[in-house]
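In structure tokens below, several structures.
In the two assemblies presented below, subunit A is common to both, partnered first by subunit B and then by subunit C.
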Partner chain A sequence: MALIDAVARLGRAAIGQVTGMGRAGLMLWGALVAVPRPAKGMPLLIKQLYVVGVQSLIIILVSGLFIGMVLALQGYTILVDFGTEESLGPMVALSLLRELGPVVTALLFAGRAGSALTAEIGLMKSTEQLSSLEMMAVDPLRQIIAPRFWAGVISMPILAVLFTAVGIWGGHIVGVEWKGIDHGAFWSILQASVEWRQDIVNCLIKSLVFAIVVTWIALYRGYEVVPNPEGISKATTSTVVQSSLAVLALDFLLTAIMFG
Partner chain B sequence: MNHKSDTLVEIRNLGFSRGERVIYEDISLAIPRGKVTAIMGPSGIGKTTLLKLIAGQLTPDHGEVLFDGVDIHKVSRSELFELRKRMSMLFQSGALFTDINVFDNVAFALREHSGLDEAIIRRIVLMKLEAVGLRGAAQLMPSELSGGMQRRAALARAIALEPEMVMYDEPFAGQDPISMGVLVKLIRELSDALSLTSVVVSHDVGEVLGIADYVYVIADKKIIAEGTPAELKASDDARLRQFIGGEPDGPVPFHYPAADYQKELVGGVN
Partner chain C sequence: MLSRKVEIWVGLFLLAGIAAFLVLVFKVANVEVQAGNSSYTLYARFTNVGGLKVRSPVKVGGVVVGRVSQIELDPERLVAVVTLNMDGRYRNFPESSSLSILTSGLLGEQFLGLTPGFVDDESVMLKDGDRIADTKSALVLEDLIGQFLYSMGKKD
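The block that comes next holds the complex of A and B.
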């Protein structure tokens, strides 16, 4: 009996997961598949770009700087033993472009903007603002979900690029200004080893995939929230947990495809 | 068709359940045009659910909801949205959009649907706000208003598109006597002045019997009584008497169903 119960529980959980994915898909479909209305949609999108993108700038830039500096410091202590400290530039730049830039940006974005999106939409649902939109014959998917989704998808790749750029600058501060690596060598080796297609385009692709997944999870968690304070707090937590796990798992998958 | 019949909304044999829990077994009622119809009943029996069923936000298990002769659960999404422009709902929380001010809240539906010039919209909004006494609060954010004022602002928003029907979800819950009086007056006045069909869902017996033209009382998943306020007051149905009189014990028991009291006390752990 215990075994059958366990199997039944597993089955229920699996059905729940699949149903959830289906509902999440339907939500996104309903939000995005429609005739665009630039006159009404643009102001909403711009407002969300500000909330989702611009307001995440500080944490992204500061984190990028510190991660670049730490990376350079750790790299330097290893490379200097082999007398190859000039390779610090590519080491920092490639680590950031290929992995840390998109991944850490996505994780920070999930914590900063994703959780805020979930809480905001969850609150809108529990205060019946979504219902009242429907009662006013306005589709909440198009009014609320769509602009936030596009804002997330547009801003995260830009944030990842900024994160990476600031990180490389942090590496420069530590490597060149502090540890005294030759300025010219640092930048020229860096430039020679970073490739457009292999590194920069892949960075953008990764970031775009993470942007879609993180924003989607955040919006879905908010939209499907159990409309009470406990439900909202659970939903924000699961946004951060699920999108972080999704980002890390997808990163492995993408890295295997791109570099494997 | 009976296009201008006296009945605006007709509910026929409606059944609805959430998961395993049956909310309504078999409900039929009619909401007359231009009158204030009240739906009363104890908390937690799904009065709000009934409004959402009427508005087509929830789908019933069986039965139909006719709005002006059209079954609201059989039309397409775009037709449903067209029908919704003719009705509106005042939510219990007010449900004002918290990120825009009172003026923009009231203007919202007008800007979405009316296609009117901003100058005209401005006048309509000011007129609606004047009607609820909040013209001076147009530039305030919803968070700066008291609960009663939020509900009045939401009322201004609900009548902005001049709907044929307004549904009030617990309009009196949690209001102080003054705002309660204001809301009672507003609902009655709007109903008379705009010949609006009003549906008030509430458990505030005094206020409801004061303004309603016709009352339905729901309990135990069905309608247990209906009539004009006078008829209800005169009724000798025990359940109705308990509800209207606010008696703690009666046909609706004070105790949640439980095992025998003595046995449970003496019996120890089973």
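The block that comes next holds the complex of A and C.
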């Protein structure tokens, strides 16, 4: 009997997982397939771009600067032993463009904007605002979910590009201004090793994929919240945990495809 | 209704994103916008290209005059064929010029060194689509070590 119970529990868990994925897919489908209405949708999108994108700027820029500076400092102490400190430029630029830019932006974004999205939608759900919208013949998927999704997908690549640019500037500050690497050598070696297709386009593809995954998880966790305070706190936590894990796992996969 | 402040911030956010993207493309990746068709193509055959890569520079006396645009294997002769995309400002290289694969520094990147040949009344200048006949392949460290060991062994 105990064995059958265990099998049943496993089955229930699996069905729950698959149902969850299906519901998440349906939610996104419902939000995206709706006929776009530029006149009404644009203001909603701009409002969300402000909340999701502009308000994440400070944390992204400051982290980018410090991560670039730390990378340069650590790289310098190693490279100077070999007398190749001019290679600091490519080291900082390539690690930021290929990995750290998209990944750290996605992690910070999940913590800063993803958790906020989940809590906001979760609270709307708990206080039955979503049902009221539906009662007024307004589709909550179109009105609430779609603009937030698009705002996340548009913001994250922009944030990743800003993060990378600021990080390279941070590397320049430490390498050239502080440690005295030759300005010309730093930039020319950097430019020779960074490639448009291989590095910059892949950086954008990565951060677009992360944007879709993180925003989707955040919205779904909020939309499917258990409507009580504990449920909202659990949903917010699982947004951050799940999207961080998803980003790190996907990053390995994408790196293996792009550079493997 | 949206407040003016929100709209301005979102506009600035998008502009900052575009600016950062342009910085990455032009300052970091150094993508060059080719103005018109001011470049021409040359070919060269090498038995060994070593660590030469696409976009490696072609230098005359240390000045970059072009870049490698393609490296492939000639299926009949089984030698590497390197396509050079030369800057149109530098056209006067005689046909007797030679091309060698050099290394910048001891462990640095490899590049193509173009040595201009002699010019007399009969010499012809290289033009679009020509092939540079005189080429020197890359120095492969393992081969050098092999030769060295071999010559050491013969002395004994």
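In this text, the second predicted complex is superposed on the first by the 253 of 260 C-alpha atoms of A that agree within 3 Å, B and C clash if a C-alpha of one lies under 4 Å from a C-alpha of the other, contacts with A are read in each partner's own complex, and residues count from 1 in each chain.
Keep this in mind: a contact is a pair of C-beta atoms (placed from the backbone, for glycine too) under 8 Å apart; a residue touches a chain by one contact, two chains touch by 3 or more.
Not measured: the values here are computed from a predicted model.
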Clash-or-fit label for the pair subunit B, subunit C on subunit A: fit
Which of subunit B and subunit C A:S233 touches, first, second, both or neither: neither
Contact breadth on subunit A, by residue count: subunit C or subunit B: C
Touching partner for A:T164 - first (subunit B), second (subunit C), both, neither: second
Touching partner for A:I46 - first (subunit B), second (subunit C), both, neither: second
Touching partner for A:M135 - first (subunit B), second (subunit C), both, neither: first
First (subunit B), second (subunit C), both or neither touched by A:T127: first
Partner chain(s) touched by A:T19 [first = subunit B, second = subunit C, both, neither]: neither
Superposition-derived minimum Cα distance between subunit C and subunit B (Å): 9
Common interface positions of subunit A, toward subunit B and toward subunit C: none
Of subunit A, residues touching subunit C in the complex: 43, 46-47, 49-50, 53-54, 57, 84, 93, 97, 155, 157-159, 161-162, 164-166, 168, 187, 190-192, 194-196, 199-200
Complex interface listing, subunit A residues touching subunit B: 40, 123, 127-129, 131-132, 134-139
Contacting residues of subunit B [partner subunit A, same complex]: 52, 55, 57, 81-82, 84-85, 87-89, 91-93, 95-98, 108-109, 112-113, 154, 161
Residue ranges of subunit C in contact with subunit A within the complex: 1-2, 6-7, 9-10, 12-14, 16-17, 20-21, 23-25, 27-31, 55, 57, 107, 109
